[in-house]
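In the part that follows, the structures are each spelled out as structure tokens.
Heads up, the next two complexes both have chain A, just with different partners, chain B and then chain C.
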Partner chain A sequence: MSTTLTEPNNKPALPRETIRQSMSSRKKTRGNRGGRSLLAKGEPMLWLTGGGLIVAVVMIIALLALVIVQGMVTFWPKHVDQFVLKNGTVHMGEITRDDTYKPEVGVLDSLPAEVQTDIANNEGWAHRELVRTGNFDLTNSHFHWVEDFYIESRSQPQWATVIERNAWGRFYGMPKAFMIDGKVVADTPEGTWAEFLKHHDQVRERWHVRRALEKHDIGYESRKIDDARLELKSAKIEHGVDSPQYRDAQTNYDAVDAEVNVAYGKIREKINALNAENDKYQLVMVTTQGQEKQLGLADVVRAYQPNQIGFGSKLGIYVSRWWEFLTDEPREANSEGGVFPAIFGTVAMTLIMSLMVVPFGVLASLYLREYAKAGPMISAVRIAINNLAGVPSIVFGVFGLGFFCYVVGGTIDEVFFKASLPNPTFGTGGLLWAALTLALLTLPVVIVSTEEALAAVPGSMREGSYGCGASKWQTIRRIVLPRAMPGVMTGAILAMARGAGEVAPLMLVGAVKLAPELPIDGVYPFLHAQRSFMHLGFHVYDLGFQSQNAEAAKPMVFTTTLLLIMIVAFLNLFAIWLRARLRRKFVSSQF
Partner chain B sequence: MSKIRSIVSAVLAVVLVSAPAFAQVSVDSNLPDYTPVQGVTGNIKSVGSDTMNNMMTLWAEGFKTMYPNVQVEIEGKGSSTAPPALISATSNFGPMSRSTKSKEDDAFEKRFGYKPTQLPTSIDMLAVYVNKDNPIEGMSFPQVDAIFSKGRKLGFASEINKWGETGLTGAWANAPISLYGRNSASGTYGYFKKHALGKGDFRDSVKEQPGSSAVVQGVASDKYGIGYSGIGYKTADVKAIALSKDQGGKLIPATPEYAYSGDYPLSRFLWLTVNYKPGSELEPLRKEFIKYIFSKQGQLDVVKDGYYPITAPIAKKALASVNIH
Partner chain C sequence: MGTNPVMDKSMSTTESDLNNANTATVTQPDDRDQLTLEQIAATDNFKSETHDALYQESPIINVKNFNLWYGSKQALFNINMPIAEGQVTALVGPSGCGKSTLLRSVNRINDLIDGLHIDGEMDLNGAPIYDKSVDVIELRKRMGMVFQKPNPFPMSIFENVVYSLRIDGERNKGVLEEVCERSLRGSALWDEVKDRIHESALGLSGGQQQRLCIARAIAAEPEVLLMDEPCSALDPIATGKIEDLVEELRGEYTILMVTHNMQQASRASNYTAFMYLGRLVEYGPTRDIFTNPHLRPTEDYISGRFG
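The block that comes next holds the complex of A and B.
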């Protein structure tokens, strides 16, 4: 390059043959040939465009790599370090991150002379590590900074145990004893651990049975009584308290109430039996500070000794944590457990949105492109649609809240759900309103891409169709639309990607912090479009900005982001696959 | 409403000052145990404080283990969102990190004919956080005011823009102070403005964050940062400094014993606002949920979230104010 630039630019143009030849062996001759401006050859533009692409690709890859690397390592079990400090305090936990820093003057002065010289030799820098010490119920903090110059000794105790619990976050300690029914059956770490492994699966199994009983069986009974109560209330509103209808409803309610109470009693009995059985098994742990803690085995989600186990076991824990993350409900104010309701909510919302936006968008663009006569009116409509794409998404959220939730939903409540007022049914944010709001938001994308696809269908095909005697709609239905289908799908893909990643408007129209009830379930009418839902994008926001245990939530932010990206990618791949199929169909139907 | 508040404050003053200092936060053993009853169903919909967001979630989770079919939806975007949601009946609980303003009371009364009822659920200390490496021990309110506000209503002599002006030396002397705060829908914003700034306005240079945790994270990553947020959001990366009400007064550290003794100048109740018609009986769902909050289990959730539980007498008063005995 540089040689070309410095060479004089006054040689006569080379004959055509030479240029062609030099093009074919470009690399060798470029520097010597010269005589033509770089701009004329277009090479700077090549570099510029190529460079632009590279910058874009690097940025995307760097962002993805950050999310993937951070998201993937979150669940990998780390070893546990024990630090004995010079002042006698002991900390034990997983090292989260480390940091080099310059200790403040006041801190430096308090250190022994040799440490001071060490730090001075290091140009004033010292090193410290953030240790996740857990045991929040005993110490009121989740993390501790440990400065290198305060450490007396560090070790990795063989029996250091990490326990993930149903409540209170992680526990770090050593196994001390195992009790069944109040009697100590093991009091060495080895024995305790053997007992733990022997009983833990059974106890957790019982715990799951109990949860299923609570969720499904009790839920079923209470829905019965709920329905009866609503009927009673409707009878009161419609016919008054003195009417025979109300008396019938009252009798019915009393009967249901009695029946449900009996059923409740039976289920409670079962639950209590399971609880009593589970409560027999207690694990006694001791922390490095010497505090003892008795843990019910049923509350232990997962426990392991990271300093003992090999790669295979670690991989097992890693996989089981991912599995929990993908399939379980969140616990501890969303900072632990899984995100299944959020995954479900995201996918359900995106699919419902697509089902609404694609047909509407296609119909609108069919009218614009096929039926309407070009004129100022149509141009104005087009401009308006394009402008719609530029409206901030939060404005759509406000519109959705004001129009869908309050006006439409409020009216629906007045008419159909009078009995449950003042508790709103449709008159508040929910899956349906969120999907409709995002459908509005993504409508321009679908209309624009469908219009372009329709425009790309050659006019001769339409004319051929008319020539065969087809009507306008028949032509559109049989000739134009099938050929425009891949373009429509492109629009749908873009709309889905946009919709799944959008958070701001959802915060107003139905995405909430906690809503473990899925909007689609096995209870009539199966699709509960009025329910609030959890959304992965909102979950990321919540973990990032509102979590109480911010340090522990940070890695979960990356993991959840990774999951959201994967879901969007998966939805897109599905749509692309569908488009490819449609294209093939279209090609094979040609002569 | 104001009557309940004054009773509660009086009780706080009497009971807590006389109570022994708590070293480790623990739940009052005189609080009732919660025992589930039958026939509780429905939808708990809570809209309100972001400070109490996690606590509401913990309560709801605890409540759901007893009533698995109760449906729960929790939104926390700021205390100011609580009264409108209660008025429009889009929620049945309004957690708030401040008491209701008279304007809000009036709007509520206009719609229902009575004022909303606020129950003190737990105690929070609004802490002023600095980065963990910051050597500062404490500050007086006038100093805090001179750092955060435009007008210096508490009468500090000059604006404080550099850490040196708070008395730090060395590398800190010329370091500019970087401010973090909450957005104006937040009850924490209003409470801090009222108490620590003497109702003065915040400076424009305060970086407004969308959540309590975001303030703490901002200060954690900014060596010269300072911000305010609930004590429940403290992490290992920040330090809650001691505060004194007057210039030169005794600095009170942000530890539980001073919250209970009432000495810490920014300790406050976290309220649960409900639509309760005086003299009536709450329907089972809300009644049981409130009972749960004021039980041992509910107060254990408070500890779990890093706040401080209330004592049995306060709980009793609070329950009595909604006709639960």
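The block that comes next holds the complex of A and C.
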């Protein structure tokens, strides 16, 4: 102690003059350096923070622009090019994309000398275009690469026709003839096309009626027979084969069976009549290779001559394709047609998920923030919840499959749906389990934001309420929760955005490539939460990576992504609007 | 008078008792006039200088040997303080002296703080406030509370006023409207807001908000009104209105008010208690405290020589 005290005395004392000088000189330097220190002025931080924001904004805009541009152009009708190659082959179709590539040595050697020099001058790069030629049923391929150096001539034939079909993908060709009842009624392109336009709408109308019959009426009858069969089976399980109940069920089943068979017969008759009527109308097309193809008019979804129609007609086709995309079911392994079931599934799942996660999350955070005494236990719980947000979503999928589908669903099946075993009812992936799994996944988001909102409710509000003699719950219900509502909505928004965009866990717990029935329909009990469903996110994955016809599916990937982004944005906007309305209530004109 | 044995006992307190009771390290001079604040602050069970006039009043709240700790930090030391019924009592003292803590102990709103514990007694009309059998909710309903910063709830003026009735489940519209009007008239706010009682309370000015909080506090017809620096967030005009209101409410309600403002205490209160570092130093009729305090530190504080 004493040494430290004496230490200053050991230092050589500076003469006063020196100190004054050093001080004044320090002052000077400080004055001079004031303008030089960049950090002091804050400019580098401005650039750093602004730069960070710009990088983020640029990335977001680039991503959105890519998705929007690619997604919007998908349905625009492109013109059709016909390529005559030097070896006599003819390709006709829409140019999908082009690129430059380095031809192999063997290919290069076979080319004429001038072409070889051209390519050599271009550092070995040659240009080629990918042409969607369609006609898969005739040529076994959807696309052809057309190299520039092979092209003899290219043209845009006036009568080049694009036909979207129910099956086999697109058809590119020229109209040749139109047949009704086996008789040729037109054999010029103009005549054929006039006949096509005249009959197509009626034929498609009949086709839609037929599809509705197949789907709804037959579905209705088969549900009746399924119900009777299940009753019979449960009578057998519960009462045994010799019981009067079983005999009753058997009689009932026989009656229903007979009744349904009669109904089936009637429906089939109707369908056959419609098919027969439709089969009368045949469109004969000829491809550029000279092959003729007879198309049933009922199979033609849409047909047009892109090289001769004007902007208005193209716009009409564009709109009609979007309409089909939004309202119809997919066809051609999802690469064509609509995504309505996927839109429906996505929205239904997201809403059910929100309905489950928000109340659950709010209750949990109420306990954490309002009731629990702060301590190591609560801190541990809070850390665990925050870490839950970092668990890979596929792990939630595995948990959902194991716990919800197999344990919970399996038990439900054991208890309530014994008769339909071994076919699972709830014991497999479905809308309910997917919504629950995602609710679990998004729970941390809701809990964290709700907790923050609860913490932000001023203590003076609570004290005021307690001071009035309110109990804890009354204070929470009347003062704290309403105040925290906007924060809860923020949590819900984040949860919805996260949940709607999640795909990986859904693959395990209920999202499918093609769902035969919507999870909500007009049949009691209306919401069939056990049904598997389609999801836009999964649809994107399916189109992009599982499709047989990847090139054709690619534009649809962008369109579907665009749609998914728009749906999430729409759901979010709705929630934000709701939050703004709630917030307005708490804006004080004071302070 | 004389019905309360506790009062009689405290009346008999003499200076020799005081010296006997003192176990503090600092020796107290025999003459209490000469006590310094340092000596008071060093005494754990300081016997406060309570003027005789208080023993002539009938107490509605009686604080007896009250100690309070926040965790291990003691905030109140051996407070003995009868609060006169129907009168305005002001608690003054420098920041951190425990005025608000004492006030907030009366309706047990301090219970919400973790790690708080108390020792000693507090009675409301002879019934203990700190007792296991006491329903805190019921207790708080018997006392209205007004806070430092106006804290109207984010709902309509009407709903704010009838909040304490709502939580009791009162649904009768006639009753609610009557209470609303009576309370708003009671807090001198009715004429200003009668046309817009269904609009948000957050649209009122600060002074109006504070009077609304007073209306809310008196809606349930409490026995005691606790005011925790009710004017500290208000401008002088709003402050004047609140003081007028306190004047009007006197007699009807017992008012216990914390204030930092000496003038306010002298204008608005009947009794004044001076506190310092958790000790009640001197307590007596406001006029006496301001003109003829018994203890020197009180005089110093009142006259602005310290604090």
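FYI, the second predicted complex is superposed on the first by the 544 of 591 C-alpha atoms of A that agree within 3 Å, B and C clash if a C-alpha of one lies under 4 Å from a C-alpha of the other, contacts with A are read in each partner's own complex, and residues count from 1 in each chain.
Note that in this section a residue touches a chain if its C-beta (ideal position, glycine included) is under 8 Å from a C-beta of that chain, and two chains touch if they have at least 3 such contacts.
Given the structure is predicted, the values throughout are model-derived calculations rather than measurements.
Chemist: Could you say whether A:156 touches chain B, chain C, both of them, or neither, answering first, second, both or neither?
Modeler: In the superposition, A:156 contacts neither chain B nor chain C.
Chemist: Does chain B (first) or chain C (second) touch A:467, or do both, or does neither?
Modeler: second
Chemist: Quick one: is A:168 in contact with chain B, with chain C, with both, or with neither? Answer first, second, both or neither.
Modeler: After superposition on chain A, A:168 lies in contact with chain B alone.
Chemist: Which partner does A:272 reach: the first (chain B), the second (chain C), both, or neither?
Modeler: A:272 sits against neither chain B nor chain C.
Chemist: First (chain B), second (chain C), both or neither: which does A:320 touch?
Modeler: A:320: touches no partner chain.
Chemist: A:243 contacts which: chain B (first), chain C (second), both, neither?
Modeler: A:243: touches no partner chain.
Chemist: Check whether A:264 is in contact with chain B, with chain C, with both or with neither, and answer first, second, both or neither.
Modeler: So A:264 only meets chain B here.
Chemist: Is it chain B or chain C that touches the larger share of residues in chain A?
Modeler: Tallying touched residues of chain A, the top partner is B.
Chemist: For the complex, give me every residue of chain A touching chain C.
Modeler: Interface residues on chain A, with respect to chain C: 373-374, 458, 460-471, 474, 478-479, 482-483, 585-591.
Chemist: How about chain B: which of its residues touch chain A in the complex?
Modeler: Residues 24-25, 38-39, 41-43, 45, 50, 53-55, 57-58, 60-61, 64-65, 67-69, 71-77, 88-90, 92, 132-133, 135, 169-172, 209-214, 216-217, 220, 232-237, 303-306 of chain B touch chain A in their complex.
Chemist: Over in the complex, which chain A residues touch chain B? Could you list them?
Modeler: Touch residues, chain A against chain B: 101-102, 104-107, 130, 136-137, 140-145, 167-168, 211, 214-215, 218-219, 222-223, 225-226, 257, 261, 264, 331-334, 406, 421-424, 427-428, 507, 512-517, 531-532, 541, 544-551, 553.
Chemist: Mind listing the chain C positions that touch chain A in their complex?
Modeler: 107, 109, 112, 114, 137-138, 140-141, 143-145, 147, 149-154, 163-164, 166-168, 200, 202-206, 209, 213, 216-217, 220, 226
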